[in-house]
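Labels run A, B, C and D following the written order; every chain starts at residue 1.
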């Protein structure tokens, strides 16, 4: 018997979650549909003036992406918690943070990456063009992993708690504020012609910070939830 | 002493509504908290006695 | 662990802490009443009228102490929560639980009095100023910690889960403050600094500090009193456990 | 034992323990006697040991002061009614639940310090099966073996599934369509791949038919014969395999 390396464990977890997502494609598609529908509702509510739409585009697209991420958070641990797989996973021969990073990465691949890939299309709906479209994609690329990382803490905290769907939103949304500000700010400043570099680098800093802290917090929350 | 009369004091130079709402709400909240704690403690102690 | 000849470790047991808290409460309450009384007197009768803001500035005698206390109490709550997680001490968790409602109340008061001050001074009830915004998020975080605690039935898990959330929140608040300030400077013009008048009279400062220490003493008294309530409630749960099934205990709570 | 509602434990040292096994002499003595004779010095030659372990769930005391030792080649049967704390004890032994008082030692070291090094030594099968309904038995087994660090080639996995009596025809169906007993067999098939010395099994015999019970009993027997250890929680007396069995009865 040999202990599998950290890398092998990580790959095993990601591959397993992707396999499971392939078996339930509708679940993964749901958050993307949600994003498209929410983003499409805003022009209907605000009116079709291109100038107004372009002005609200960064905020609306970012809030929609944030809500789509929030909607899919319940899936990170709940199913595994209910059928006892999470219990088994807590007993892997690696630090628990490795498990968390694997699961969060898989969650991002399933629900974050589609949002990033779809965002240029939605940006076009709102009349964004050229450089700001690129900044939108880049900001989401940096921001959505952070959202998944922070969200995992909340998802682990509310495992098996009644009314967890609403509770997780209340716990996680305040933690999302900086990401939202920097993400939407990057697009806004590129629209204003200042260039989004400063905000993008702050987004990167947020990602680094969450990569550093969130796995440990999530691991602690998982241990507490499974006691 | 800078207040000529009680009316002047209550008027707060035209800002009476804002000033007294702030101080009043604060006093109300604190008083309510103390009262609620008083009741909570009475209930808890009574319950404790009932059971044990 | 001895400081000034007192064995502080002794008070980490509930049996010793309960009477200690009981004997501290009257002193804290008396100090609070005295300090707040003197603070109010100086604030209303000695401090001069501000030449820019008129009498409306007197709101800061309650606004600033409330805002300070709200943040201070959150940090203290998180510190107790962290201590509880680190040492696995039930008393620390109870302390964190006892602080949360008072902290949330001060946060709410800071927001409300902030609006009351903002309307005559800025002409708007609410401005997306960095301090006000982080205060709002702080209120959400207090609410999150308290809600998480009440929605978990198992006491031990409730303690520990809300402790983790409180600790995560401590990292979040400065980041939010910083990010909102950054965001405000980007949206030129909207930023109105809430810094008090540049040259503050000594009497104003005295009144504000007295009020702050008074609020602090008030928080101490209320927290200790709530702590005693929590201890009695948890004790009675323990004695119920002998007779009632777990189900009944969970429902009764 | 200090108060009225704490769980009591009764140590039953079966006569069969006196009979030495062929390849191992270690369990000649009753564990309790060994503990008295060798005291703390005995810890280092034994493998898994609990010291004055106590547990309460919520506000209810389940058991207190449990001190047992599980040595290579022996099995500890944890008996007791529903709610007597068997599952809690097992979850403590696999470090999912931290003990309220007392400690669990693995080769003389506290498992709270060993953390994932200890996890690498054990195979735990809880009362939940821990298998995904959407995956096939083969995929389930491959995934869990991969995470546990066991070899998981296709042939080994198929052999394991056949060893618990799952025919090839069900190997590639989604586990969702299998019966309760078959799902339990998929979960237990991990034992045929496991190379870990310590097995912690929570009610492994539930919803198993006679044939599967026999397979499992034989597998346990061969595990012990190779110097493995097992802790098995069960609420009924089961014909446990070897003569190296200790019984721990929890009376909640």
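Everything that follows uses one rule, which is that contacts are C-beta pairs under 8 Å (C-beta built on N, C-alpha and C of every residue); 3 or more make two chains touch, one makes a residue touch a chain.
Values in this document were obtained by computation on a predicted structure and should not be read as measured data.
Located most centrally within the structure is A, per distance between chain CA means and the overall CA mean.
Set against the Cα centre of chain A, the chain with the most distant centre is B.
A separation of 44 Å divides the Cα centre of chain A from that of chain B.
The mean-CA centres of chain B and chain D are about 60 angstrom from one another, to the nearest whole unit.
Once the centre of each chain is set as its mean CA position, chain C and chain D turn out to be 48 Å apart. Distance from the chain A centre to the chain D centre is 39 Å, each centre being the mean of its Cα atoms. Within chain C, contacts with two or more other chains are made by residues 156, 240.
Annotation for chain D: residues 98 touch two or more other chains. Against chain A, in their complex, chain C makes its touches with residues 85, 137, 140-141, 143-144, 147-148, 151-152, 156-157, 160-161, 164-165, 167-169, 171-172, 175-176, 178-180, 182-183, 186. Those residues of chain B lying in contact with chain C across their complex are 1-3, 9, 12-15, 18-19, 21-23, 25-26, 29-30, 33-34, 37, 40-41, 44-45, 47-48, 51-52. On the chain C side of its complex with chain B, the touching residues are 44-45, 48-49, 54-56, 58-59, 62-63, 66, 101-102, 105, 108-109, 112-113, 116-117, 119-120, 218, 222, 225-226, 228-229, 232-233, 235-236, 239-240.
Of all residues in chain D, those touching chain A in their complex are 94-98, 115-117, 119-120, 122, 124, 126-135, 139, 143-144, 146-150, 174, 195-196.
By the touch criterion stated above, chain A contacts chain C in their complex at residues 153, 157-158, 161-164, 167, 170-171, 173-175, 177-178, 181-182, 185, 188-189, 194, 202, 206, 209, 213, 217, 220-221, 224-225, 227.
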